[in-house]
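Should a chain be cited, it is by its letter among A, B, C and D, assigned in written order, with residues numbered from 1 in that chain.
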Amino acid sequence: MPEPAGALVARQEGAPEPRPAAAVELRGLGRDYGERPALTDVSVRLEAGQTLAVLGSNGAGKSTLLRVLATLLRPHTGTVSLLGATLPAEAHRVRGRIGYLGHEPLLYRDLSGRENLLFHARLHGVAPARVDEVLAAVGLSARANDPVRQLSRGTVQRLAVARAVLHEPELLLLDEPRAGLDPAASERLEPLIGRGSGRTRVLVTHDVEGALAESHGVLGLRRGRVALEAPAGELDPAEVRSELYR
Amino acid sequence: MTSLASTSDPSAAKVRRGFGRGLVPLSAVTLVAMAVALGMVFFYAPLDADQGFVQKIFYLHVPMALVALVGFIAAGVMGFAHLRSGDRRWDLRSYVAIHISTILAVGVLATGSIWARASWGHWWVWSEPMLVAFLIVFLLYAVYPMLRFSIEDPGRQARSASVFAVAAGAFVPLNFAAVRSAQSLTHPQVFSTTGGGMPGEMFATFLVGLVAMALLFVTLWKLELTAKHAAEQLRAVRRRIEAAADDGDPVGAPVAEPGRPLAGAAS
Amino acid sequence: MLPALPLGQGGAYVAGAFIVFVVLILVYVAIIGAKIARIERELAELSEPVERRPS
Amino acid sequence: MTRAVATLLAKDLRVELRTRESVPAMALFAVCVFVLFHFGLDQDAIDGALAAGVLWVTLLLAAVLGVGRLFVAEREQGGLEGLLLAPIDRTAVWVAKAAALFIFLVALELVTVPAFALLLLGPGLLEALGPLTAILLLADVGLAAVGALVAALAVESRARELIAALLFLPLVVPVVVAGAAATEPLFSGSQAPQELGRWLVFLAIYNALFVVLPVAVFDYLLED
């Protein structure tokens, strides 16, 4: 039953859908990394427009989970439903609607910032005018023509954010987005990738206090398994820290 | 041969059938076929008019070549089946088929050069299409293990290996066509694979030899599959024990978690 | 009653070819043998703690 | 699909123009090989089968350099995931890389063939230029198709350039067989190019196989 594009919150047809389609729904997701299980039996549900914070120590499987949601990794067991499409069969249907900001900026060092964004714009079928708009939003209009090779780490991160939101994705997948950014830059990016953006977001971070403040739900991972899952309001940072970072 | 994966856990939903079934009868049939073939080669087939006794190598060299080629092409088909179905056992079958075909290819090159020495006086003859084509095929498939071992992630390794198997499998017949058409066929085409010009007894001997070689291939193929599958199951058990150990259970106790058969290999 | 095999000069090569074939098969069996031996060693390693600990 | 291929190809050509890594290196390498052949064969001018062989082997070895570097931009700068995230048919990645390699090979030949005529070729090049161009272009299609597939296969592995070269060379033996056989009469003075048609058909069959095959299996390579 094809999901009408964009209408995520409620279903128009009289289809007997018990609950409004969640933006993201995982049931028993498992994924091996080589021969070692990286994720085991992860189930979580995220409503459209909300933010889920993913916490956990290094190697807990946070980045793996994000890459599965970004359709970069196929789930080995369990089911993943993303923006109305089930992965991995219908991955191609959602690829254009996801903004992924990982550890790698995914930019070509020898091309300039503008050339990189124009390249991604054309791949996603986005009007070139949007490139200048986004460059202005991240405050890089001035340095847009310098090769990425010459840009500082913070500037590259801002360019990567520009790339991630260029095609106005419905779902943002952010892996420690504020790494390498000074407070002023973080402030500037808030409307693009922060809670203010109004987009559905999955945020991987180590900043427990920040996560509880800016997200609706929290998913804690330990050794690839769900250690805790609760609305952000009900959690106390010290308790979260002791549970996840023993 | 009883099924390999007998499991003590009664709730094991599906006893995983190993690859070992039917290996003993198959080996018996292969042994008989090879004995018959050998007997026919030396006591039934008449001596070749001009080549004399040396021509006997034909009954070994050509069947080995044909079986190796079919093995490479079959490996390509299995690789494609792995890519389509995602079932890693197809990759295992393709891997083993290429392994055996490569070893047979060495045999083809060795027996071919011995035959060239015996009938034309030197070990390597560039104008013999079977030999030249097999050298190229061998050079190509010798890279297969290097490709597999230089990729760590098992999933990606299996996929790259399967894509290689498909491409190389399709290349093999084309390679023969290229080498054959590049040859100016100056000297007598001694062993045309169709064996058109051969008297009845010779052709019969050749066929029996071909069947024997094919049976040998399948036997070795099943043998190695059994060994590799057992090794994989062992690794799965080892991982389960180490995982159990990490989660604070007493070291080394192979805990059969309810519902999950201890010996079930990771799917 | 079996015809004496005209081994002669050509026969050495024929014998050589068949010997090469047998050697190849033996080499292959050795490879598989080594693989099975490794399985046995690993199996022993794994089952050793089990015997120590009567479940 | 064609939009994605055009975008990807434009990016590859822009990166190559910006870094000038592949084509100049391939051309310099080819000329070096000619010098080596001069001393190796101890001949000032060669013709016929020898000349055809030297030209084709040199082109092939230079092509191997190009194949080894095809995915380096994606590999070292994390670009591959950027492509996997885009809503495009993943076979477009192979088509674009093959097209890029084809253009690199044509650029290589524009430099190498005249250099070959100048340094080693006995008989004149002019009258052979027509059929030679047809043979070279047709062969470049096959080399590019196989090169792009092999480069993608090797990109996952640690010993990338080594594996790419060892996979590439055996697979392109038929191209050398047909290319050299078709070129030989062209370099043998005035002889009319007989059997040219047969070899061109052979190259066409080879190209058909190695274009259809990657289209069927390539995107499995990028799955993870």
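The working rule: a residue touches a chain if its C-beta (ideal position, glycine included) is under 8 Å from a C-beta of that chain, and two chains touch if they have at least 3 such contacts.
Computed from a predicted structure; not experimentally measured.
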Mutual neighbours - chains that touch subunit A and subunit C alike: B
Of A-B and B-C, pair with higher C-beta contact tally: B-C
Between subunit B and subunit C, centroid-to-centroid distance (C-alpha), Å: 16
Gap in Å, rounded to a whole number, between the CA centres of subunit B and subunit A: 46
CA centroid of subunit A to CA centroid of subunit D, Å: 40
Whole-Å gap between the CA centroids of subunit B and subunit D: 32
Residues within subunit B bordering two or more other chains: 153, 155
Multi-partner residues of subunit D (at least 2 other chains): 223-224
Pairs of chains in contact (touch as defined earlier), listed by label: A-B, A-D, B-C, B-D
Subunit A residues within the subunit D interface of the complex: 70-74, 92, 95-96, 98, 100, 102, 104-111, 115, 119-120, 122-125, 147, 163
Interfacial residue positions of subunit D with respect to subunit A in the complex: 3-4, 7-8, 10-11, 14-15, 18-19, 73, 77-79, 81-88, 223-224
For the subunit B and subunit C complex, residues of the former touching the latter: 42-43, 47, 52-54, 56-57, 60-61, 64, 100, 103-104, 106-107, 110-111, 114-115, 117-118, 216, 220, 223-224, 227-228, 230-231, 234, 237-238, 241, 250-254
Residues of subunit B that touch subunit A when the two form their complex: 152-155, 235, 239, 243, 246, 266
Residue ranges of subunit C touching subunit B (in the complex, touch as defined): 2-3, 5-8, 10-11, 13-14, 16-18, 20-21, 24-25, 27-28, 32, 35-36, 38-39, 42-43, 46, 49-50, 52-53, 55
